[in-house]
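Chain nomenclature is as follows: A, B, C and D, assigned in order of appearance, with residue numbering initiated at 1 for each chain independently.
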């Protein structure tokens, strides 16, 4: 399995932000996207994950193969940690949540209401959800926000395990994950040029 | 002249409507003036309704345009959904306030006519009630357009609302008919009301010609306003696009 | 002026209200059209200058 | 799908608000009406079916914006959209959860509140039946409205403006059915129309809601 993105142009608010993006990630590999704030990393990841349509270009894999994690973790405060994970496990039709709990050392917190967790613990719960999905492609946007160094190591370990199992990962992050095998790609060169102004057509420019 | 879809290009639309606009406006002014002056000054009073019959020259065309505007919005919304022509979505947006004003006129003239006829400003007559509901639909549609910042999102959502709303508007029309018939069956006042705004056979010939001229005038007025307001929406949209592009640099 | 009889108020007020509303709609549409047109021209001139 | 339903029900129970608030609002409307129109019991019994229907409708409206707003804010909606469930199913389940937490309690409570309004004895059965058949339509239509306004910051008022006109046919046929039964007239047409609207809405509107949600998510 290989994730191939060819000539992808992504839009935010109807305006192209990145254009002609080409990238490929093969099974067992991870690709880290870099770039300054606001360049369109989130938009790119959302487009690849199938949450928004691309203006041009193709993504080789279907969205049914991907698990997406964004800035918000989708945690329900009144439910316990275990209940939150069990919900996603049954939605994705995977059975057990034990592996996910173990990977992010959430076992001691399993019976706690998620609303009482610290920001870092919530983030760990959000990342544990990725394990539960059982999907081969992880698309992750700033996964390490509010994690301490131990938790970042946990995360790197979880990604490594995922890759070893034949999965692949696409991440946008600023910090060094300690994932030495991951390739790094700067999305800066793909920044969309302002469209030329001529007589107006469908884009009103 | 290859196909009608060429006019979906904003620039082409503006150029074409600019050429047509003076003619349409002139026609609207002439037809409305003739229809209304003829109706107001040179038609006899009705033997039952007296001079209030003169209100039909405004009430009937306004009511017709209130419904036709929604129908036009439905068509342009469908065109947007199916063919993604921006001008079509913007035309629907431009038309909505016109339809709302026409609905208000139909309601106001209906109420003013009802005061001497029914002895009350407001009667929950099925026809008037349906127009009140139609007005609520216009309000919701306009409010949704102005609440959403992103243009294409707004166009998509309002189009779907227009589609769903159309079905519910027709449903409401039947529901309201059923509901009022249940309340006062066979009231003679309501049968007298059927003369107002009913099909042309019932309105005798003396009233028919100026009424048709006035209706044609209202149609022309509508077309002129839609042209002008759609141009405005296109320009506003282009301005937003230019400003957004400026921010990119 | 035709003799409107006892319904003069009703007829005259409905004509006044309706024509007033139509006039208001036309005036507002034309005013907004002018405003947007000049605003767009300004922006276009600025954008063309900066390239 | 069942997991989503169970989660929504569990959230409604734990967070409070779900069952309780709608019912309390319904009660308050019913209590306030006699203060507004006077304590004349024959008048009250005449308008009781309409008031109960209106109260149920408003109580239903009150909780509509919660259908998607919370899931939108915490990102669950994005995650659900990438889950192996069609959006149409998600929307339907959400509507069902809303009905179970809002509509059904209202149906059960309506006879009790009917006592307060001096509802005639003949009216209890038809009222409960009309509410039972009609309130699912309120939830499904409301879900469409909630999907339309999900991304908006001040969507609450707009939601009411959009949804209330869509409620007109259901309200008319629902209240009409109860009223006709009380007056001893045949209520069959109203019943059939009400049921027809509910079934049509359940069958068709989720597609519109899902389409709207897809637009709002991108």
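Note that a contact is a pair of C-beta atoms (placed from the backbone, for glycine too) under 8 Å apart; a residue touches a chain by one contact, two chains touch by 3 or more.
Given the structure is predicted, the values throughout are model-derived calculations rather than measurements.
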{"item": "Between A-B and B-C, the pair joined by more C-beta contacts", "value": "B-C"}
{"item": "Far-end chain from subunit A, centres as C-alpha averages", "value": "C"}
{"item": "Approximate Å spacing (C-alpha centroids) for the pair subunit B, subunit C", "value": "16"}
{"item": "Mean-CA-position distance for subunit B and subunit A (Å)", "value": "49"}
{"item": "Gap in Å, rounded to a whole number, between the CA centres of subunit D and subunit C", "value": "41"}
{"item": "Between subunit D and subunit B, distance of the C-alpha-averaged centres to the nearest whole Å", "value": "31"}
{"item": "Touching two or more other chains - residues of subunit B", "value": "238, 242, 245, 249"}
{"item": "Interface hub residues of subunit D, defined as touching at least two other chains", "value": "218"}
{"item": "Sites on subunit C at which at least two other chains make contact", "value": "47"}
{"item": "Residue numbers on subunit A that touch subunit D, as the complex places them", "value": "49-53, 63-64, 66-76, 78-79, 83, 87-88, 90-93, 129"}
{"item": "Touching residues on subunit A, where the partner in the complex is subunit B", "value": "13-15, 192, 194-195, 197, 199-205"}
{"item": "Subunit A-facing residues of subunit D, complex", "value": "2-4, 7, 10-11, 14-15, 71, 73-76, 78-85, 217-218"}
{"item": "Residues on subunit D engaged by subunit B in the complex (per definition of touch)", "value": "144, 148-149, 151-152, 154-155, 158, 161-162, 164-166, 168-169, 172-173, 176, 180, 185, 189-190, 193, 197, 205, 208, 211-212, 215-216, 218"}
{"item": "Contacting residues of subunit B [partner subunit C, same complex]", "value": "36, 40-41, 45, 50-52, 54-55, 58-59, 62, 97-98, 101, 104-105, 108-109, 112-113, 115-116, 221, 225, 228-229, 231-232, 235-236, 238-239, 242-243, 245-246, 249"}
